[in-house]
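Structure incoming, see below.
Chain nomenclature is as follows: A, B and C, assigned in order of appearance, with residue numbering initiated at 1 for each chain independently.
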Amino acid sequence: MLQTVLDANPASETLTARDTTLAAYRFMLRARVLDDKFAALYRAGKIHGGVFLGRGQEALSAAVGISLKRTDVFAPLIRDAAGRLAFGETVLDAVRTYLGSSLGPMRGRDGNVHRGKPLEGYFPMISHLGAMISVVNGALFARRMKGISGTVGATCLGDGATSTGAFHEALNQAAVEKLPLVLVIADNQYAYSTPTSRQFICADLADKAIGYGVETHSIDGTDLAACLKTVGDAVARARASHGPQLVVAKLLRLCGHGEHDDSNYIDPKLKNSLLGRDCLKVAEEFLFHQKWTDAATLATWRSKIVSEIEEAVAQVRREPAPDPYDEKWLAISSTYLSELHDEDSGS
Amino acid sequence: MSITYLEAIREAQSHALRDDPRVFIYGQDIGAFGGAFKATKNLAKEFPGRVLDSPISEDAMVGMAVGAAIEGMRPIIEMQFADFSIVGFNQIVNQAATLFWRTNVPCPITVRLPFGGTEGGGPFHSQSIEAIYAHYPGLVVLTPATVEDAYSMLLEAVAIDDPVIFCEHKFLYYHLKAEKLPSEALPIGKARIAREGRDLTVVAYSAMVHEALEAAMELSAEGWEIEVVDLRSVKPLDTDTVMASVARTGRLLCVGEAWPWGGVTAEIIARVASEGFGLLDVPPQRLNAKDTPVPYHPNLWMAHRPTARAVAAAARKILRR
Amino acid sequence: MPQLGESIAEAAIISFLVQPGDNVKADQDLIEVETNKATMTVTSPCSGRIEKFTTQLNESYAVGAVLGQIEATKEEAARLGLDVPAPAKTSDTDRVTKPETNIRSGRVQPTVRGLPVPANVKGASYLSPRLKARMNELGLHAADLAGIAGSGAAGRVTVEDFEKFIAHLEKQRMSKASTMRVAVADAMRRSWTRPLATVGLPVRLDALLAHRKSSNPKPGPALYALRALAIALAENSAPAGRLVGSNIVHPSAIDVGFAVEAEDGVLVPVIRDADKKTLKDLTQRYNELVELARERKLPADATGGSIATVTNYGTFGLIWATPIPLPEQTLVLGMGAGRRAPHWDEAKGQFVPVTEANLTLSFDHRVLDGGGAGRLLQRIAELMLKPEKL
């Protein structure tokens, strides 16, 4: 979020578009390097379970994260490494969750992208797509009941998730309750191997907003400047009590559904179209065009980020894995109500 | 002055709303209308902004409750029928029930389910699904059988920091009455000896406790003294009390209104067989509903579920061995 | 081989992107593999030099298989935590191990073979788990319940019947049975599970008594019977065999025991190879064993392993008895008290006085019939008429 940018530039009191865009770009770059590292670790057999990247969606995701305040509520989804970093997640927490460190936020009990810190307004997703939206609704609802105003709740999802009942119920609920929800759909053309032609028939996902009675915004998801402007507007409108905001960004998924998938079903025509542009490259060109930075600076940033991430990975790989014999194997907090079975009483 | 099971539930909700500003209720038709069973009658007026009508969206209702709970509220979700809670099943078992284990942040929501059969209810307004919720780790599942328990256990449910599935029996709503509300109660997790006996232990919960008590009276006239155990909570299950009763009588019959496969009755028998095998003088038995959806016609419905007559007949078979 | 997908168990190598001897960087692609979902690359876990590949092109390898080796510096290994020794997976049996993914192992048989699983609680012999637990607590056997009339279905003894029985017992005067008594009780109970029968005949003792009078030291009367039994069994050992299934197991040595009354029970010292030594040779040993038995100081090698037992119940004044063989034996030979009796002498045409005693042979009727038992007993009696040959 912008707080991070302010921390980086303590001298400036107002943030210029240059500051914000450069900051967003740095989150994108960090997310890209982190994703590449996760992919490499996966192919070296160092990660249990799946790896899911956000390659191609960094501009959109960073725009969401950076537009929110730390006091807002954010439920990121699978491809939001950039948004998470922009909202305030540390590289260490991301790495710890992927490597199953007992020191990570999920303590090895959940992994990869299922991570978050609920009490900090940063919700860990469950795998059922669309299910997090109503949870954000609930948080916003609670704040309102407690008399806290000015909170925005944001959640990201993909084109596939818009087919779920959970999505429908939650968006409808947010609309009926007029909650300050910003629902960002990354229409990346594929849900795993399913193209959007098999997911919905309406001409544009943005049209669904009409059905729910909410405001809508459409953007080219590969264009960082556009994402920052439009997402920023949507967040502002939600914060100004205009009700739920639907943001639909068109882009292309530039990786497999997971790293176990080589996505050879993606239409090459899409890869070669404007939709298939790498938002990182687009952002770089924009920054050069605006003369807000140069290639040498970017190279320096990149190499610093690479070291930072290498360091973090090395650190986490030396951390302890969870010990099943240290586990209490209790799923409820009221220990007096739990049923401990014989096989649970440890060693 | 007498108070029904339903009124006790309303009183409990009223007291919860009054005593804790974090409590609110969310469900279909519960606002001005007071709820399909009038469990929230007048509460919306008395506590404006805290008793709210939801759309027909059981998934979003529960998800919303989880989000609110993370922010420190104590939501009560009224499902219109237990049968419809299945639409919100994913949010209950995968969102609410896993939050604490995954993140160490407790999830203090209470989901109220009107459950169990009434005449003419049919397959989708009669289900007893407590076993399915109990199967998932992370949930507390309660089944009060008395007016007093309906009151005190609901209050305790709201106060607990974990997700509670509160099963209210629709048949008992208006049929069961008590003199007054209790000032103290057994805590959640403890079963109650509803009737002391000597020859056979009958373990039951919710409406079946009353069928068992009636069967006990019938058998008493024949010289048998039946001990009836009211579980009160299905999860946690008070194995100690059940075991102590079987230690006294040596015979066990478990009665449940739910279906046989993997039901609460199966769980009790599994525990007694594995932890108290040497207490049994005869093989343990169970009596459940027939393994079909709940029928609509009263003739079929009355044969589908265990009744006092059926409990007595099952008991006699055991007592004669 | 990394886990390149949720249910992937193996992958095939389709090309090597580097050669042994090449220097590689961390995350560099090393090997191209193919799963049934996609083509992927395996990357290097660290920087170093490829030492060798231990796998081959176009072969499939399971997830977890070692594909090759990289030589790395100590610092590199430490930095990445690669120098931590692998946890001992299989040797430490307490630790959690990876679940077996190979489900090709043997299938579970769907039936319970051989064991009769009682379908319902019927019958006087059914002992419920609760009853068994109570009996166990009190150290009782099914034999102890013989006196209880069961009130349960088909006469089974219910736990209430049992508790009434125990309560009733507790009102009687009780004294603790000695360890010896309990042991003997158990042996007799086990012996009695066989169908036992007894045959008997009288034997003239005059020659034996005369022989004994003139001997020094004096052999015990039972020793004469013991030697006669031993000789008879040496001639035909089948009667002392044991029936195991459908085989008669013949004794390997004619070791014969004899009963000695000790405090509150009976001990059975054993004469080894009783067929190979004469009465004269055995007399001293026999007398020693009797003393040791009375004092309960029998050495271990002097008990156990006998194939038949002799008991002189005549010492109690009994003329007839049906002793019970030891549970591991088929035969017990008993001798009653000798007494004067009139015997018809056909030649003299009058009754003449003789000294005679009864010999009884109790046997496991599964091994021997009356005929075989009778023949054995006749031979023993015959041998006892010529004591000087024993």
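Just so it is clear, a contact is a pair of C-beta atoms (placed from the backbone, for glycine too) under 8 Å apart; a residue touches a chain by one contact, two chains touch by 3 or more.
It should be emphasised that the depicted structure is a prediction, and the values quoted were computed from it without experimental measurement.
Engineer: Kindly work out which chain lies most centrally, taking the average of its C-alpha atoms as its position.
Structural biologist: Given all protein C-alpha atoms shown, the central chain works out to be B.
Engineer: Would you indicate which pair of chains has the most C-beta pairs in contact?
Structural biologist: A-B
Engineer: Need the CA-centroid distance for the pair subunit A / subunit C, whole Å please.
Structural biologist: The mean C-alpha positions of subunit A and subunit C differ by 70 Å.
Engineer: Just curious, how far off is subunit C from subunit B if you go by their C-alpha centres, in Å?
Structural biologist: Inter-chain centre distance comes to 54 Å.
Engineer: Could you grab the centroid distance between subunit A and subunit B? Build each centroid from C-alpha atoms only and quote it in angstrom.
Structural biologist: Subunit A and subunit B have C-alpha centres separated by 40 Å.
Engineer: How about subunit B: which of its residues touch subunit C in the complex?
Structural biologist: Spelled out, the residues of subunit B in touch with subunit C are 250, 277-283, 320-321.
Engineer: Of all residues in subunit C, which touch subunit A in the complex?
Structural biologist: Subunit C residues touching subunit A: 1-6, 8, 26-27, 29, 35, 37-45, 64, 79-82, 94, 96.
Engineer: Any idea which subunit B residues touch subunit A in the complex?
Structural biologist: 24, 49-50, 54-55, 57-73, 75, 87, 90-91, 94-95, 97-106, 137-140, 160-162, 188-189, 235-237, 239
Engineer: Please output the residues of subunit A touching subunit C within their complex, sorted ascending.
Structural biologist: Residues in contact with subunit C: 36-37, 40-46, 48-50, 256, 258-262, 264, 310, 313-314, 317-318, 324, 347.
Engineer: Within the complex, which stretch of subunit C touches subunit B?
Structural biologist: Residues 120-121, 128-133, 152-153, 158-159 of subunit C touch subunit B in their complex.
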